[in-house]
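Several structures are given next for inspection.
Two complexes, one shared chain (chain A), two partners (chain B, chain C).
Let's turn to the complex of A and B:
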(Lines of atoms letter the chains of each structure in order from A and count residues from 1; the text may use other names and numbers.)
(Lines give C-alpha, C1' and ligand atoms only; values in the text may rest on other atoms or scores of the structure.)
Protein backbone atom coordinates (compact mmCIF):
# COMPACT_ATOMS: atom_id res chain seq x y z
CA UNK A 1 0.00 0.00 0.00
CA UNK A 2 1.42 3.32 -1.05
CA UNK A 3 0.15 6.30 0.95
CA UNK A 4 -1.28 9.35 -0.79
CA UNK A 5 1.70 11.36 0.44
CA UNK A 6 4.08 8.88 -1.19
CA UNK A 7 2.11 9.00 -4.42
CA UNK A 8 2.38 12.80 -4.46
CA UNK A 9 6.14 12.55 -3.91
CA UNK A 10 6.39 9.94 -6.68
CA UNK A 11 4.56 12.28 -9.06
CA UNK A 12 6.97 15.15 -8.27
CA UNK A 13 9.99 12.86 -8.74
CA UNK A 14 8.60 11.74 -12.08
CA UNK A 15 8.37 15.31 -13.40
CA UNK A 16 11.69 16.36 -11.91
CA UNK A 17 13.27 13.40 -13.72
CA UNK A 18 11.69 14.47 -17.00
CA UNK A 19 12.83 18.05 -16.49
CA UNK A 20 16.40 16.97 -15.77
CA UNK A 21 16.42 14.36 -18.56
CA UNK A 22 17.15 11.60 -16.07
CA UNK A 23 16.01 8.48 -17.89
CA UNK A 24 17.81 6.41 -15.22
CA UNK A 25 15.46 7.77 -12.53
CA UNK A 26 12.40 7.28 -14.72
CA UNK A 27 13.55 3.71 -15.22
CA UNK A 28 13.34 3.23 -11.44
CA UNK A 29 9.93 4.91 -11.13
CA UNK A 30 8.20 2.81 -13.82
CA UNK A 31 6.96 -0.69 -13.02
CA UNK A 32 8.22 -3.43 -15.34
CA UNK A 33 4.84 -3.59 -17.06
CA UNK A 34 4.29 0.18 -17.23
CA UNK A 35 2.22 1.46 -20.16
CA UNK A 36 2.31 5.02 -21.45
CA UNK A 37 -0.64 6.26 -23.52
CA UNK A 38 -0.81 9.60 -25.36
CA UNK A 39 -4.12 10.98 -26.61
CA UNK A 40 -2.24 12.46 -29.56
CA UNK A 41 -1.28 8.98 -30.85
CA UNK A 42 -4.14 7.02 -29.28
CA UNK A 43 -2.16 3.89 -28.56
CA UNK A 44 -0.36 2.22 -25.66
CA UNK A 45 3.42 2.30 -25.66
CA UNK A 46 5.80 0.32 -23.47
CA UNK A 47 8.17 1.66 -20.85
CA UNK A 48 11.06 0.83 -23.21
CA UNK A 49 9.48 2.93 -25.99
CA UNK A 50 9.02 5.77 -23.56
CA UNK A 51 12.54 5.67 -22.14
CA UNK A 52 14.02 5.45 -25.63
CA UNK A 53 11.94 8.44 -26.78
CA UNK A 54 13.16 10.45 -23.82
CA UNK A 55 16.78 9.96 -24.87
CA UNK A 56 16.07 11.39 -28.34
CA UNK A 57 16.84 15.08 -28.84
CA UNK A 58 13.44 16.68 -29.46
CA UNK A 59 14.90 20.03 -30.45
CA UNK A 60 14.77 21.76 -27.09
CA UNK A 61 17.57 23.24 -25.06
CA UNK A 62 15.42 23.10 -21.95
CA UNK A 63 12.00 21.88 -20.90
CA UNK A 64 10.39 22.90 -17.60
CA UNK A 65 7.26 21.44 -16.09
CA UNK A 66 5.53 24.33 -14.33
CA UNK A 67 2.29 25.25 -12.57
CA UNK A 68 1.96 21.73 -11.26
CA UNK A 69 -1.40 21.07 -9.64
CA UNK A 70 -1.41 17.57 -8.24
CA UNK A 71 -4.36 15.69 -6.83
CA UNK A 72 -3.93 12.23 -5.41
CA UNK A 73 -6.25 9.26 -5.00
CA UNK A 74 -5.81 5.78 -3.58
CA UNK A 75 -4.06 4.27 -6.60
CA UNK A 76 -2.68 7.21 -8.47
CA UNK A 77 -2.65 10.89 -9.26
CA UNK A 78 -3.83 13.50 -11.70
CA UNK A 79 -1.52 16.38 -12.51
CA UNK A 80 -2.37 19.50 -14.48
CA UNK A 81 0.67 21.49 -15.57
CA UNK A 82 2.25 23.68 -18.20
CA UNK A 83 5.22 22.61 -20.26
CA UNK A 84 7.60 25.39 -21.26
CA UNK A 85 10.39 24.82 -23.72
CA UNK A 86 13.37 26.74 -25.01
CA UNK A 87 14.36 25.49 -28.45
CA UNK A 88 17.94 25.14 -29.63
CA UNK A 89 17.58 28.36 -31.64
CA UNK A 90 16.34 30.23 -28.54
CA UNK A 91 12.68 30.23 -29.58
CA UNK A 92 10.25 30.30 -26.66
CA UNK A 93 6.68 29.61 -27.68
CA UNK A 94 3.48 29.58 -25.67
CA UNK A 95 3.34 26.83 -23.03
CA UNK A 96 1.58 23.54 -23.63
CA UNK A 97 -1.11 22.86 -21.03
CA UNK A 98 -1.22 19.17 -20.26
CA UNK A 99 -3.02 16.77 -17.96
CA UNK A 100 -1.67 13.38 -16.94
CA UNK A 101 -3.43 10.63 -15.03
CA UNK A 102 -0.97 8.24 -13.43
CA UNK A 103 -1.65 4.88 -11.84
CA UNK A 104 0.54 3.58 -9.04
CA UNK A 105 1.12 0.15 -7.52
CA UNK A 106 3.64 -0.72 -4.81
CA UNK A 107 5.40 2.62 -5.14
CA UNK A 108 5.86 2.39 -8.91
CA UNK A 109 4.04 4.02 -11.81
CA UNK A 110 2.12 1.38 -13.76
CA UNK A 111 0.31 3.57 -16.28
CA UNK A 112 0.49 7.09 -17.66
CA UNK A 113 -2.32 8.63 -19.69
CA UNK A 114 -1.36 11.96 -21.21
CA UNK A 115 -3.77 14.53 -22.66
CA UNK A 116 -2.45 17.43 -24.70
CA UNK A 117 -3.47 19.52 -27.72
CA UNK A 118 -1.30 18.73 -30.73
CA UNK A 119 -2.57 21.78 -32.63
CA UNK A 120 -0.34 23.83 -30.29
CA UNK A 121 2.87 21.99 -31.25
CA UNK A 122 3.92 24.24 -34.19
CA UNK A 123 3.76 27.44 -32.11
CA UNK A 124 5.45 25.74 -29.16
CA UNK A 125 8.38 24.52 -31.22
CA UNK A 126 8.58 27.52 -33.58
CA UNK A 127 7.84 25.37 -36.63
CA UNK A 128 4.99 27.74 -37.51
CA UNK A 129 7.57 30.48 -38.21
CA UNK A 130 9.58 28.44 -40.68
CA UNK B 1 -13.93 15.74 4.76
CA UNK B 2 -14.10 13.41 1.77
CA UNK B 3 -17.38 11.96 0.67
CA UNK B 4 -16.18 9.90 -2.27
CA UNK B 5 -19.50 8.21 -3.03
CA UNK B 6 -21.25 11.58 -3.28
CA UNK B 7 -18.58 12.94 -5.60
CA UNK B 8 -18.80 9.82 -7.77
CA UNK B 9 -22.59 10.17 -7.89
CA UNK B 10 -22.24 13.82 -8.91
CA UNK B 11 -19.86 12.88 -11.71
CA UNK B 12 -22.23 10.19 -13.01
CA UNK B 13 -25.25 12.49 -12.70
CA UNK B 14 -23.49 15.21 -14.70
CA UNK B 15 -22.45 13.04 -17.66
CA UNK B 16 -25.66 10.97 -17.61
CA UNK B 17 -27.68 14.19 -17.77
CA UNK B 18 -25.86 15.29 -20.92
CA UNK B 19 -26.41 11.87 -22.51
CA UNK B 20 -30.13 11.91 -21.66
CA UNK B 21 -30.68 15.53 -22.61
CA UNK B 22 -31.79 16.27 -19.03
CA UNK B 23 -30.96 19.97 -18.85
CA UNK B 24 -32.49 20.57 -15.41
CA UNK B 25 -30.29 17.93 -13.77
CA UNK B 26 -27.26 19.12 -15.72
CA UNK B 27 -27.76 22.69 -14.50
CA UNK B 28 -28.13 21.53 -10.90
CA UNK B 29 -24.65 19.95 -11.04
CA UNK B 30 -22.96 23.33 -11.51
CA UNK B 31 -22.38 25.64 -8.55
CA UNK B 32 -23.50 29.26 -9.13
CA UNK B 33 -19.88 30.37 -9.59
CA UNK B 34 -18.94 27.46 -11.89
CA UNK B 35 -16.40 28.06 -14.64
CA UNK B 36 -15.13 25.63 -17.27
CA UNK B 37 -11.61 25.79 -18.72
CA UNK B 38 -10.70 24.17 -22.05
CA UNK B 39 -7.25 23.18 -23.22
CA UNK B 40 -7.76 24.48 -26.78
CA UNK B 41 -7.99 28.16 -25.75
CA UNK B 42 -6.80 28.02 -22.11
CA UNK B 43 -9.69 30.30 -21.12
CA UNK B 44 -12.32 30.00 -18.43
CA UNK B 45 -15.83 29.88 -19.83
CA UNK B 46 -18.71 31.17 -17.70
CA UNK B 47 -21.39 28.89 -16.32
CA UNK B 48 -24.06 30.47 -18.53
CA UNK B 49 -22.00 30.17 -21.70
CA UNK B 50 -21.02 26.57 -21.02
CA UNK B 51 -24.60 25.56 -20.20
CA UNK B 52 -25.85 27.27 -23.38
CA UNK B 53 -23.29 25.34 -25.44
CA UNK B 54 -24.25 22.03 -23.82
CA UNK B 55 -27.96 22.77 -24.21
CA UNK B 56 -27.48 23.51 -27.90
CA UNK B 57 -25.62 20.20 -28.32
CA UNK B 58 -28.30 18.30 -26.42
CA UNK B 59 -31.02 19.79 -28.63
CA UNK B 60 -29.33 19.44 -31.99
CA UNK B 61 -27.12 16.34 -31.88
CA UNK B 62 -28.93 13.03 -32.36
CA UNK B 63 -26.78 11.32 -29.75
CA UNK B 64 -23.97 12.09 -27.26
CA UNK B 65 -22.32 9.30 -25.28
CA UNK B 66 -19.43 9.22 -22.83
CA UNK B 67 -17.91 5.77 -23.19
CA UNK B 68 -15.11 3.99 -21.37
CA UNK B 69 -15.56 6.25 -18.34
CA UNK B 70 -12.74 5.90 -15.83
CA UNK B 71 -13.30 7.97 -12.71
CA UNK B 72 -11.13 8.64 -9.69
CA UNK B 73 -12.12 10.79 -6.74
CA UNK B 74 -9.71 12.95 -4.77
CA UNK B 75 -10.05 15.41 -1.91
CA UNK B 76 -12.21 18.17 -3.37
CA UNK B 77 -13.02 16.70 -6.74
CA UNK B 78 -12.71 14.02 -9.38
CA UNK B 79 -11.05 13.17 -12.67
CA UNK B 80 -12.89 11.33 -15.42
CA UNK B 81 -11.28 9.98 -18.57
CA UNK B 82 -13.67 9.05 -21.35
CA UNK B 83 -14.16 8.83 -25.07
CA UNK B 84 -16.89 11.14 -26.24
CA UNK B 85 -19.01 9.73 -29.07
CA UNK B 86 -21.18 12.20 -30.94
CA UNK B 87 -23.59 11.12 -33.63
CA UNK B 88 -24.16 13.92 -36.11
CA UNK B 89 -27.19 14.64 -38.28
CA UNK B 90 -25.52 13.09 -41.33
CA UNK B 91 -24.95 9.89 -39.34
CA UNK B 92 -21.23 10.41 -38.81
CA UNK B 93 -20.09 9.26 -35.36
CA UNK B 94 -17.31 11.48 -34.09
CA UNK B 95 -15.04 10.51 -31.23
CA UNK B 96 -12.72 12.42 -28.94
CA UNK B 97 -10.62 11.26 -25.99
CA UNK B 98 -11.20 13.64 -23.09
CA UNK B 99 -9.86 14.12 -19.61
CA UNK B 100 -12.22 16.09 -17.35
CA UNK B 101 -11.04 17.35 -13.97
CA UNK B 102 -13.87 18.62 -11.77
CA UNK B 103 -13.47 20.55 -8.53
CA UNK B 104 -16.42 20.21 -6.20
CA UNK B 105 -17.93 22.51 -3.59
CA UNK B 106 -21.02 21.64 -1.54
CA UNK B 107 -21.90 18.78 -3.85
CA UNK B 108 -21.67 20.82 -7.06
CA UNK B 109 -18.99 21.33 -9.70
CA UNK B 110 -17.46 24.75 -9.09
CA UNK B 111 -14.58 24.57 -11.57
CA UNK B 112 -13.79 22.16 -14.37
CA UNK B 113 -10.87 21.60 -16.71
CA UNK B 114 -11.31 19.77 -19.99
CA UNK B 115 -8.33 18.46 -21.97
CA UNK B 116 -8.59 17.12 -25.53
CA UNK B 117 -6.71 17.24 -28.82
CA UNK B 118 -8.07 19.67 -31.39
CA UNK B 119 -5.35 18.37 -33.73
CA UNK B 120 -7.72 15.43 -34.29
CA UNK B 121 -10.78 17.54 -34.87
CA UNK B 122 -11.71 15.75 -38.12
CA UNK B 123 -12.23 12.56 -36.12
CA UNK B 124 -14.71 14.46 -34.00
CA UNK B 125 -16.47 16.71 -36.50
CA UNK B 126 -16.30 14.46 -39.55
CA UNK B 127 -15.98 15.47 -43.21
CA UNK B 128 -16.89 19.09 -43.83
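Let's turn to the complex of A and C:
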Protein backbone atom coordinates (compact mmCIF):
# COMPACT_ATOMS: atom_id res chain seq x y z
CA UNK A 1 0.00 0.00 0.00
CA UNK A 2 1.20 3.48 -0.83
CA UNK A 3 0.97 5.99 2.02
CA UNK A 4 -0.68 9.37 1.56
CA UNK A 5 2.72 11.04 1.92
CA UNK A 6 4.13 8.85 -0.87
CA UNK A 7 1.14 9.64 -3.10
CA UNK A 8 1.67 13.38 -2.57
CA UNK A 9 5.36 13.03 -3.42
CA UNK A 10 4.48 10.97 -6.51
CA UNK A 11 2.17 13.75 -7.67
CA UNK A 12 4.92 16.37 -7.26
CA UNK A 13 7.45 14.18 -9.10
CA UNK A 14 4.97 13.71 -11.93
CA UNK A 15 4.58 17.45 -12.44
CA UNK A 16 8.28 18.16 -12.03
CA UNK A 17 8.98 15.55 -14.73
CA UNK A 18 6.49 17.22 -17.06
CA UNK A 19 7.98 20.62 -16.38
CA UNK A 20 11.50 19.37 -17.11
CA UNK A 21 10.37 17.30 -20.11
CA UNK A 22 11.73 14.14 -18.50
CA UNK A 23 9.87 11.41 -20.33
CA UNK A 24 12.26 8.86 -18.80
CA UNK A 25 11.03 9.77 -15.30
CA UNK A 26 7.38 9.76 -16.39
CA UNK A 27 8.00 6.31 -17.80
CA UNK A 28 9.03 5.20 -14.30
CA UNK A 29 6.03 6.82 -12.63
CA UNK A 30 3.39 5.26 -14.88
CA UNK A 31 2.19 1.70 -14.34
CA UNK A 32 2.40 -0.59 -17.38
CA UNK A 33 -1.35 -0.28 -17.93
CA UNK A 34 -1.61 3.46 -17.24
CA UNK A 35 -4.40 5.30 -19.09
CA UNK A 36 -4.62 9.05 -19.64
CA UNK A 37 -8.03 10.62 -20.35
CA UNK A 38 -8.70 14.27 -21.30
CA UNK A 39 -12.13 15.89 -21.06
CA UNK A 40 -11.38 17.88 -24.21
CA UNK A 41 -11.06 14.74 -26.36
CA UNK A 42 -13.22 12.42 -24.25
CA UNK A 43 -11.20 9.28 -24.91
CA UNK A 44 -8.60 7.14 -23.19
CA UNK A 45 -5.03 7.25 -24.44
CA UNK A 46 -2.33 4.72 -23.62
CA UNK A 47 0.82 5.35 -21.68
CA UNK A 48 2.85 4.98 -24.90
CA UNK A 49 0.70 7.60 -26.66
CA UNK A 50 1.18 9.96 -23.75
CA UNK A 51 4.95 9.52 -23.60
CA UNK A 52 5.24 9.92 -27.38
CA UNK A 53 3.17 13.12 -27.27
CA UNK A 54 5.43 14.52 -24.59
CA UNK A 55 8.46 14.18 -26.88
CA UNK A 56 6.78 16.23 -29.63
CA UNK A 57 7.57 19.95 -29.75
CA UNK A 58 4.24 21.64 -29.00
CA UNK A 59 5.50 25.14 -29.70
CA UNK A 60 6.48 26.15 -26.19
CA UNK A 61 9.90 27.15 -24.95
CA UNK A 62 8.89 26.42 -21.39
CA UNK A 63 5.88 25.11 -19.46
CA UNK A 64 5.55 25.50 -15.70
CA UNK A 65 2.95 23.94 -13.43
CA UNK A 66 2.24 26.52 -10.75
CA UNK A 67 -0.10 27.13 -7.80
CA UNK A 68 -0.32 23.41 -7.15
CA UNK A 69 -3.03 22.51 -4.66
CA UNK A 70 -2.90 18.81 -3.91
CA UNK A 71 -5.38 16.71 -1.97
CA UNK A 72 -4.67 13.06 -1.38
CA UNK A 73 -7.07 10.17 -0.84
CA UNK A 74 -6.42 6.51 -0.12
CA UNK A 75 -5.57 5.47 -3.69
CA UNK A 76 -4.90 8.69 -5.51
CA UNK A 77 -4.75 12.45 -5.64
CA UNK A 78 -6.45 15.49 -7.07
CA UNK A 79 -4.34 18.46 -8.08
CA UNK A 80 -5.54 21.90 -9.14
CA UNK A 81 -2.93 24.05 -10.85
CA UNK A 82 -2.12 26.81 -13.31
CA UNK A 83 -0.22 25.94 -16.48
CA UNK A 84 1.95 28.79 -17.68
CA UNK A 85 3.69 28.63 -21.04
CA UNK A 86 6.34 30.67 -22.84
CA UNK A 87 6.04 30.13 -26.60
CA UNK A 88 9.02 29.99 -28.96
CA UNK A 89 8.22 33.52 -30.14
CA UNK A 90 8.23 34.77 -26.54
CA UNK A 91 4.45 35.01 -26.21
CA UNK A 92 3.15 34.57 -22.67
CA UNK A 93 -0.60 34.21 -22.48
CA UNK A 94 -2.95 33.84 -19.54
CA UNK A 95 -2.53 30.63 -17.56
CA UNK A 96 -4.70 27.59 -18.14
CA UNK A 97 -6.55 26.40 -15.02
CA UNK A 98 -6.49 22.64 -14.92
CA UNK A 99 -7.54 19.85 -12.57
CA UNK A 100 -6.15 16.33 -12.67
CA UNK A 101 -7.37 13.29 -10.77
CA UNK A 102 -4.72 10.58 -10.50
CA UNK A 103 -5.18 6.99 -9.38
CA UNK A 104 -2.27 5.18 -7.77
CA UNK A 105 -1.43 1.52 -7.18
CA UNK A 106 1.81 0.18 -5.67
CA UNK A 107 3.55 3.53 -6.01
CA UNK A 108 2.71 4.00 -9.70
CA UNK A 109 0.15 6.14 -11.48
CA UNK A 110 -2.48 3.92 -13.11
CA UNK A 111 -4.86 6.57 -14.43
CA UNK A 112 -4.90 10.29 -15.15
CA UNK A 113 -8.13 12.21 -15.80
CA UNK A 114 -7.53 15.79 -16.93
CA UNK A 115 -10.13 18.58 -16.95
CA UNK A 116 -9.62 21.96 -18.62
CA UNK A 117 -11.38 24.51 -20.81
CA UNK A 118 -10.25 24.26 -24.44
CA UNK A 119 -11.56 27.75 -25.25
CA UNK A 120 -8.55 29.16 -23.38
CA UNK A 121 -5.99 27.51 -25.73
CA UNK A 122 -5.84 30.25 -28.41
CA UNK A 123 -4.98 33.02 -25.93
CA UNK A 124 -2.57 30.76 -24.05
CA UNK A 125 -0.64 29.76 -27.17
CA UNK A 126 -0.92 33.09 -28.98
CA UNK A 127 -2.89 31.56 -31.83
CA UNK A 128 -5.58 34.19 -31.27
CA UNK A 129 -3.11 36.83 -32.54
CA UNK A 130 -2.43 35.11 -35.87
CA UNK B 1 -18.49 8.71 11.48
CA UNK B 2 -15.21 9.19 9.63
CA UNK B 3 -14.67 12.59 8.00
CA UNK B 4 -14.28 10.96 4.59
CA UNK B 5 -17.62 9.17 5.03
CA UNK B 6 -19.30 12.46 6.01
CA UNK B 7 -17.82 14.20 2.96
CA UNK B 8 -18.83 11.41 0.59
CA UNK B 9 -22.43 11.63 1.86
CA UNK B 10 -22.34 15.43 1.61
CA UNK B 11 -21.30 15.14 -2.04
CA UNK B 12 -24.19 12.82 -2.88
CA UNK B 13 -26.68 14.89 -0.86
CA UNK B 14 -25.56 17.99 -2.77
CA UNK B 15 -25.99 16.47 -6.24
CA UNK B 16 -29.25 14.74 -5.30
CA UNK B 17 -30.64 18.08 -4.07
CA UNK B 18 -29.76 19.83 -7.34
CA UNK B 19 -31.33 17.01 -9.33
CA UNK B 20 -34.58 17.39 -7.36
CA UNK B 21 -34.34 21.19 -7.72
CA UNK B 22 -34.57 21.31 -3.91
CA UNK B 23 -32.71 24.57 -3.30
CA UNK B 24 -33.39 24.50 0.45
CA UNK B 25 -31.47 21.23 0.61
CA UNK B 26 -28.69 22.67 -1.58
CA UNK B 27 -28.45 25.70 0.73
CA UNK B 28 -28.26 23.33 3.69
CA UNK B 29 -25.13 21.76 2.16
CA UNK B 30 -23.42 25.18 2.02
CA UNK B 31 -21.60 27.02 4.80
CA UNK B 32 -22.74 30.67 5.20
CA UNK B 33 -19.48 31.91 3.64
CA UNK B 34 -19.47 29.40 0.79
CA UNK B 35 -18.13 30.52 -2.61
CA UNK B 36 -17.88 28.83 -5.98
CA UNK B 37 -15.13 29.22 -8.59
CA UNK B 38 -15.51 28.02 -12.18
CA UNK B 39 -12.62 27.50 -14.60
CA UNK B 40 -14.62 29.07 -17.45
CA UNK B 41 -14.55 32.53 -15.87
CA UNK B 42 -11.89 32.32 -13.18
CA UNK B 43 -14.09 34.32 -10.85
CA UNK B 44 -15.67 33.50 -7.50
CA UNK B 45 -19.41 33.47 -7.05
CA UNK B 46 -20.88 34.04 -3.57
CA UNK B 47 -23.36 31.61 -2.03
CA UNK B 48 -26.54 33.61 -2.76
CA UNK B 49 -25.58 34.20 -6.37
CA UNK B 50 -24.87 30.50 -6.80
CA UNK B 51 -28.30 29.59 -5.43
CA UNK B 52 -29.93 32.10 -7.81
CA UNK B 53 -28.04 30.60 -10.78
CA UNK B 54 -29.31 27.15 -9.82
CA UNK B 55 -32.85 28.49 -9.44
CA UNK B 56 -32.85 30.32 -12.78
CA UNK B 57 -31.05 27.50 -14.58
CA UNK B 58 -33.69 24.93 -13.63
CA UNK B 59 -36.25 26.73 -15.81
CA UNK B 60 -34.06 26.36 -18.90
CA UNK B 61 -34.35 22.59 -19.20
CA UNK B 62 -36.68 19.70 -18.47
CA UNK B 63 -34.35 17.58 -16.37
CA UNK B 64 -30.75 17.57 -15.19
CA UNK B 65 -29.00 14.54 -13.66
CA UNK B 66 -25.52 14.05 -12.28
CA UNK B 67 -24.52 10.59 -13.44
CA UNK B 68 -21.46 8.32 -13.27
CA UNK B 69 -20.36 9.93 -10.00
CA UNK B 70 -16.84 8.92 -9.03
CA UNK B 71 -16.27 10.37 -5.58
CA UNK B 72 -13.01 10.43 -3.66
CA UNK B 73 -13.14 12.00 -0.22
CA UNK B 74 -10.44 13.35 2.06
CA UNK B 75 -10.57 14.79 5.57
CA UNK B 76 -11.54 18.32 4.53
CA UNK B 77 -13.15 17.88 1.17
CA UNK B 78 -13.94 15.72 -1.82
CA UNK B 79 -13.43 15.46 -5.54
CA UNK B 80 -16.17 14.15 -7.78
CA UNK B 81 -15.92 13.33 -11.47
CA UNK B 82 -19.31 13.11 -13.15
CA UNK B 83 -21.41 13.45 -16.25
CA UNK B 84 -24.07 16.15 -16.29
CA UNK B 85 -26.94 14.94 -18.44
CA UNK B 86 -29.39 17.62 -19.45
CA UNK B 87 -32.73 17.03 -21.15
CA UNK B 88 -33.65 20.31 -22.84
CA UNK B 89 -37.17 21.71 -23.10
CA UNK B 90 -37.37 20.37 -26.67
CA UNK B 91 -36.46 16.86 -25.46
CA UNK B 92 -32.90 16.76 -26.80
CA UNK B 93 -30.35 15.28 -24.45
CA UNK B 94 -26.74 16.41 -23.97
CA UNK B 95 -23.99 15.17 -21.64
CA UNK B 96 -20.91 16.94 -20.32
CA UNK B 97 -17.99 15.50 -18.32
CA UNK B 98 -16.99 17.70 -15.40
CA UNK B 99 -14.97 17.64 -12.21
CA UNK B 100 -15.76 19.37 -8.94
CA UNK B 101 -13.38 19.83 -6.02
CA UNK B 102 -14.90 20.85 -2.70
CA UNK B 103 -13.46 22.19 0.52
CA UNK B 104 -15.58 21.28 3.53
CA UNK B 105 -15.79 22.27 7.20
CA UNK B 106 -18.06 20.82 9.87
CA UNK B 107 -20.09 18.87 7.33
CA UNK B 108 -20.74 21.87 5.05
CA UNK B 109 -19.25 22.93 1.71
CA UNK B 110 -17.13 26.06 2.06
CA UNK B 111 -15.73 26.25 -1.48
CA UNK B 112 -16.45 24.63 -4.82
CA UNK B 113 -14.10 24.56 -7.79
CA UNK B 114 -15.67 23.38 -11.03
CA UNK B 115 -13.72 22.34 -14.13
CA UNK B 116 -15.34 21.73 -17.52
CA UNK B 117 -14.77 22.38 -21.22
CA UNK B 118 -16.82 25.21 -22.72
CA UNK B 119 -15.74 23.94 -26.16
CA UNK B 120 -18.37 21.25 -25.71
CA UNK B 121 -21.11 23.92 -25.48
CA UNK B 122 -20.01 25.52 -28.75
CA UNK B 123 -19.87 22.23 -30.61
CA UNK B 124 -23.43 21.45 -29.48
CA UNK B 125 -24.73 24.82 -30.56
CA UNK B 126 -23.00 24.61 -33.97
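In the analysis below, the second predicted complex is superposed on the first by the 130 of 130 C-alpha atoms of A that agree within 3 Å, B and C clash if a C-alpha of one lies under 4 Å from a C-alpha of the other, contacts with A are read in each partner's own complex, and residues count from 1 in each chain.
What we mean here is this: a contact is a pair of C-beta atoms (placed from the backbone, for glycine too) under 8 Å apart; a residue touches a chain by one contact, two chains touch by 3 or more.
The model shown is predicted, which means the values in this text are computed figures rather than measured ones.
Trainee: Quick check on the superposition: with chain A as the shared anchor, is it clash or fit for chain B versus chain C?
Mentor: clash
Trainee: Does the superposition put A:97 against chain B (first), chain C (second), both, or neither?
Mentor: A:97: touches chain B and chain C.
Trainee: Between chain B (first) and chain C (second), which, if any, makes contact with A:40: first, second, both or neither?
Mentor: Once the two structures are laid over each other on A, A:40 reaches both partners.
Trainee: Does the superposition put A:115 against chain B (first), chain C (second), both, or neither?
Mentor: Touch partners of A:115: chain B and chain C.
Trainee: After superposition on the shared chain, which partner residues are touched by A:18: those of chain B (first), chain C (second), both, or neither?
Mentor: The answer is neither, since A:18 touches no partner chain.
Trainee: After overlaying the two complexes on chain A, where does the chain B footprint on chain A coincide with the chain C footprint?
Mentor: Dual-contact residues (chain A): 39-40, 42, 71-73, 76, 78, 80, 97-99, 101, 113, 115-119.
Trainee: Quick check: in the complex, which residue numbers of chain A touch chain B?
Mentor: My answer: residues 39-40, 42, 71-73, 75-76, 78, 80, 97-99, 101, 113, 115-119, 121.
Trainee: Spell out the part of chain B that touches chain A in their complex, as residue ranges.
Mentor: Going by the criterion above, the answer is residues 39-40, 42, 70, 72-77, 79, 81, 97-99, 101, 113, 115-121.
Trainee: Under the touch definition given earlier, write down the residues of chain A that touch chain C in their complex.
Mentor: Interface residues on the chain A side: 39-40, 42, 71-73, 76, 78, 80, 97-99, 101, 113, 115-119.
Trainee: Given the complex with chain A, which residues does chain C contribute to the contact?
Mentor: Within the complex, chain C touches chain A at residues 4, 39-40, 42, 72-74, 77, 79, 81, 97-99, 101, 113, 115-119, 122.
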